[in-house]
Amino acid sequence: MLGTRMFGLLGSALLMCAIAAPAGAAPEGTMTWGVHVTLVSRWLDPAEAEGLITPFMVYYAIHDALVKPMPAGANTPSLAESWSASKDGLTYEFVLRKGVKFHNGDPITAEDVKFSFDRYKGAAAKLLKDRVREVQIVDPGRVRIHLKEPWPDFMTFYGTSATGAAWIVPKKYVEKVGDDGFKKAPIGAGPYKVVSFTPGVELVMEAFDGYWRKTPSVKRLVFRSMPEETTRAAALKKGDVDIAYLLTGPVADDIRKTPGFKLVGAKPPGVFWIDLPDQWDPKSPWHDSRVRQAARHAIDRNAINQAETLGFSLPTGSVIPRSFEFALAFEPPAFDPGKAKKLLAEAGYPNGFDAGDFYPFPPYDSMGEALAGYLQAVGIRTKIRTMERASFLTAWRERKLKGLIVGITGASGNAATRLEAYVSKGGIYTAGVIPEVEDLFQRQARELDRAKREITVRQIQQILHDRAMQIPIYELAFLWGVGPRVEEAGVDQIKGFAYSGPYEDLRLKRQP
Amino acid sequence: MNGSRAASVTVPWRFPSLRIEGFPWTPAIIICVIAFAAIFADVLAPYNPEIGVLGDRFRPPAWQAGGSEAHLLGTDHVGRDVLSRLIFGARVSMVVGFTAVIVAGLIGTTLGILSGYLGGWVDQVIMRVTDTWLALPALTFAIFLAAVVGPSMWNIVIILAAVYWTRYARVIRGEVLSLRERDYVRLAIVAGCSKKTIMRRHILPNVLNSAIVLGTLMLGIVIVTEAALSFLGVGVPPPKPAWGLMLADGKKGLMAGYWWLTVLPGLCIMFMVLSANLLGDWLRVKLDPQLRSL
Amino acid sequence: MKRFIVKRLGYAVLSLLLLSLTIFLLVRLTGDPSVLLVEPGASKEDLAAIRVQLGLDRPIWVQYGQFMSSLARGDLGHSFYYRTPVLELYLSRLPHSLMLAVAAMAFSLLVGIPSGIIAAVRVNRWWDSAGKIFALLGLSLPSFWVGLVMILFFSVYLGWLPSSGSGTALHVVMPAFALGWYFAAAHMRLTRSAMLEVLGSEYVKLARLKGLPEALVIGKHAFKNALIPVLTLAGINLVIMVNVAVVVETVFAWPGVGRLLFEGISFRDFPVVQATVLIGGAMIVIVNFFVDVLYAVIDPRIRYER
Amino acid sequence: MTALLEVSGLSTQYVGARGTRVTRAVDDVSFTLETGKTLGIVGESGSGKTTLALTLMRLLPPGARIASGSMRFEGEELLDKSDAEMRAIRGKRMAMILQDPMASLNPLFTVGDQIAETLRAHEGMPRRGAWTRARELLASVNIAAPERRVSEYPHELSGGMRQRVVGAIAIACGPRLLIADEPTTSLDVTIQAQYLKLLRDIQREHGLAMIFITHNLGIVARMCDHVAVMYAGRLVEAGPVRTIFDAPAHPYTRALIESIPRFGDTTTRLTAIDGQPPDPAALPPGCAFHPRCPLVIERCRAEAPPETRVAAQHRARCWLAAEAPVRLTKR
């Protein structure tokens, strides 16, 4: 028998007791969200999950996955009762939970799992398809996934919100109505089923009392797309919505000060940092690590944190979120303009220098202006150049931007996957490579033993920190306002998840 | 209008005597004050409008609790002095406003005269282009240019000019159509003037009135459109101080009661637009002989 | 009359063709949409795969040919960002946009025309200057500011009106006010100048000499003549309203076409942008056509001449 | 029996530039008009003819006001009437015809409608009745095929026909007085003659008095019983047409008459009056005509002459007229 690691069983045991809890009364009441993004039809179909956390706001409500991040942990078994990985790391086996059904009553079988994996065309689809040799249906209740070669991060991609491959859709129904039809009237296995959806405007869902984990306590969920922040806050105060996502600065401050309302900060894995591509050009001042050190000390992270996210964000010294696996936490560099000026003088720039363009990350222009202000104060003079979001992302990716670039990414995964994009040779945003770092990175990519791998990944982070390759600012907190009717808003229940969740645990206050 | 040529039949263009009676003094003074602020901004403004002290942000105006003499009209969300930004903002708004209106005026009037006077296929082509242009909203242009070239103040001028020349073309064409029928134009044709001369000497002076009047009215519309573009994030790029942008940035403070961040730039825009319109109305009566009699 | 219609339709098709070519090229200038549709860590191959999937890898004129042929079949293509048919998206938004535009136009005419007439007839000082200032204020206050202040006051503070979104008639009140107020000034000014011109005419003098009551002189004789230029402006403004509404739609989370277009451009969603602008262009032609027909109904001279 | 219309000492002024500039458009005008009679009012443009007509109808433009005098119509003082009472008189008992037929009719309403609305306003006639009455009125102003014309629009009729429609509108409610402000000026000559004949027939048939405003002395000679000559807002001479044409007492009237070319007379030189009519806002002192008057004497410059009685119904406002009327050499 394949050596099974007991992780899977332990996980499911925990959940069993949750089910045993007395089934709540019949679901009632409506909870409404003022959502900051445009609700797109694409987010109703897990097969098209782009590499961001946003679509999972919808998937957690109407779909379910074999294994997904839950309060219990990153790879919590859900539709799979348990999962286990073979000793040689080539085979992963999932045992399906018995008696679990889709919204239309069809039972969930291994065929649906294979069908969902094969039709997946979202983020990292190519990566998965390249590395997976075969999805084998052992029997209707058991699936084995065979890899071509050992891939320690397989479960980081398959079992977390990095991809939507593990989220299961009904094979017969999808084949009957086709992709467009499925997006118009999706059927999933999640705690809520879709009642109505107006693309870009509103998504209405109702509790699915047949949900295996427990019957949700709130009857109806409504997501309403509201692009303007002040409107979201106004709708919250008026009572038109119960939760308003993404509030910043003064608007958030006002909600916090309003009696009966709460301001909460979710911690998605996103770090704001300043990228310095010019450091690879010997002629540029940034090539000198003392200048980079100076810049790190020039910025008052707490003041900006207070101004932008009311102190909810977490100033940091590393580009890797603390919550990530294999992350090495660093305290944020002290705010010390004097030291910064001294370092600049040592590096030969007593009265500072012109550092060229400063690109804030759209739409966070005010934060960009504040950062540039601090750098200016110590003599690093920049010219703020705001850009339209889409052209900024394109130009950054094609390395057309020179000077200082404020960057952030919310893609989930672990320290290694995050580093891959920024420091390793093939990385999209890598402007230069340190041979030593590249060597360490290749070694960890093949390392099966978690402990050894962690040491290597941490070594990389140590080098980046010592050489001050980037200027980390803070781990961005995602603020939302919560209205008086909400008892349990599900903030930060699922580690690294920016939105309310799990939906089945949300509760409204009993109407007196 | 020397005698040798055909007896001058056109109304000689001379700046009509702007009798003081009924001259709208207040709007004129407001526009002069704004122009004065725009020209001498560097001297007048107490602080550099683009630099702010983050710790010192959201300070209310001096006369309100928490306000300080240092910042008479308070500070904005990045701690910059609002008064200085308003003064420099006058310069940006004036430059953006006037340049856009003048450029739009030039294009629109020329095309308006050409299509109105020449008629035939020229008229059809220009009219078709105007119709098409109307379908492309200012906003679409703004984002195209912001995306392709990157946002800048001059982008906004190009966009505003590109969108609003059609208004001129439409109005001027209408005028030229009626002018063409007038006897003195027919006489000029009989007298053998070439098309170009007729357009330049006879049509242009008479159309200039409404172009100027339209210009004053467009000034308001252009400024307000700039504010809308800034609201959508494709207007004049921060940190350059423009009234529209200040208004857009200030909206975050509305909830929290930082009223001065939107009300003050809003007032500036309102004064400028109202004065432009009132001057425009007065000019229209003064310059337009037909209306003058009323 | 028939020849007039055929000629107008010919021009309409011509300008729409011109529009389709312009928008097709302009939108492709804004950059490559595939970058936005893949996650940050995607490799070059992912990008290429998306481009093929969206059909962007083929030469421009092939794409244009394909676009026009599918347009002829009424298929506006699939949205890159929403991944659903564009026509469906547009039709779900259009009713809201039209409702908003019509409500805003109605409001701006209700404010603009009476205050224009009173300003021209100068019934009494107070009302005349109040109407004028009110309309001019609308011209000088950006609609988003007006919108936000109204939400904070009428919805949050007083609680009378829903803060945002669409649904009941109450929802359209504030957006229509925010959008319409801006146009009220233009309508007021034009009505005023048109009325002044008409009131100076001989037939109005004769109407008064006939001893007709002033209300009849103003309401019937003067008003109907002044209506013609106002109607033209209203026709053009109605179309401009649909395009300018994006600001109000953003503030009030109103599911209109303006917002769809703005997001379409921001996400480089070519099919959505092309469809929205083209249908917008078609609407302009239709509105202009109706304005002309209405002309003929009001002004018999026009009917006779064409 | 009292005259239909008795006007005495009537003055109308335009007040401009916030009261600083006062223009005496009509200055101390007095005359009477009997039922059925026709009074011609002659003068150069800007002499106040039209202002006088509008004053009689009490329909002055904004900025004008009746400064003094009285207008008694059918024994009632018009100046004491309220706006509402005046409106009941206008179009009912006093009617007016304007100069430009093209512009006098509203282009957007049918001819019949514009006639019928007067009837409905004054007589409270039902819609149907007013419509048939309109058709009859069109016939009475000899417009062919009235039943078709009644529902046509003004632009579908010729200039002459349109002026006849205006005439029909004027007589719709059987007025006692018809004021015609240069009704034929914009018509060409042949149509002009027809129209004048029509006016005479209407006058005789309805027995209505008429005030005929024109600058064409030929028309006055043919149409009017009495004539009044206006210059710079003042009535410089008034009296029976025959007397005035034979022996004008005022030099201005004499010059006007002598400037008409006589048919067949190729020898007499036409006298032209040099200079321009005075600006009503800045009238010369004394007699307004003195700068252009060939017989000017010192007194004319100093003092404005009073109205002197030259004969039974013949008055003139000239120092010389007081002495002896100069007989015109018979031509």
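Observations on the structure shown:
For reference, chains read A, B, C and D in written order, and residue numbers begin at 1 within each chain.
The rule is short, and it goes like this: a residue touches a chain if its C-beta (ideal position, glycine included) is under 8 Å from a C-beta of that chain, and two chains touch if they have at least 3 such contacts.
Quantities reported herein were computed from a predicted structural model and do not represent experimental measurements.
Taking the mean of each chain's C-alpha atoms, the chain whose centre lies closest to the overall C-alpha mean is C.
Most remote chain with respect to subunit D, judged by CA-atom centres, is A.
C-beta contact counts were set side by side for B-C and A-B; B-C has more. Centre-to-centre spacing of subunit B and subunit D amounts to 51 Å, using the average Cα coordinate of each chain.
Remark: subunit A and subunit D have CA centroids separated by 92 Å (rounded to whole angstrom). Per-chain Cα centroids separate subunit B from subunit C by 22 Å. The centroid of the Cα atoms in subunit A and the matching centroid in subunit B are 46 Å apart.
With touch defined as above, subunit D holds no residue shared between interfaces to two or more other chains. Among all residues of subunit B, those that touch two or more other chains are 143, 147-148, 251, 254-255. Among the residues of subunit A, those in touch with two or more other chains are 230, 234, 388, 390-391. Applying the touch criterion to all chain pairs gives A-B, A-C, B-C, C-D. Looking at the complex, you find that subunit A touches subunit B at residues 229-230, 233-234, 248-251, 253-255, 300, 303-304, 307, 362-363, 365-366, 369-370, 373-374, 376, 384-388, 390-391. Those residues of subunit C lying in contact with subunit B across their complex are 11, 14-15, 18-19, 22-23, 26-27, 29-31, 136-137, 139-145, 148-149, 152, 182, 185, 189, 193, 196-197, 200, 236, 239-240, 243-244, 246-247, 250, 258, 261-262, 265-266, 273, 277, 280-281, 284-285, 288. The residues of subunit C lying in touch with subunit A in their complex are 30-32, 35-43, 45-46, 49, 81-85, 88-89, 92-93, 148, 151-152, 155-156, 159, 162-166, 250-253, 255, 259-260, 263, 266-268.
Of all residues in subunit A, those touching subunit C in their complex are 34, 38, 40-42, 45, 48, 50-52, 123-124, 126, 180, 183-184, 198-202, 224-228, 230-231, 234-235, 237-238, 240, 388-391, 393-394, 397, 409, 411, 417, 420-421, 426, 428-429. Per the touch definition, subunit D reaches subunit C in the complex via residues 57, 59, 87-92, 95-96, 98-100, 103-109, 117-118, 121-122, 153, 155-156, 166, 169.
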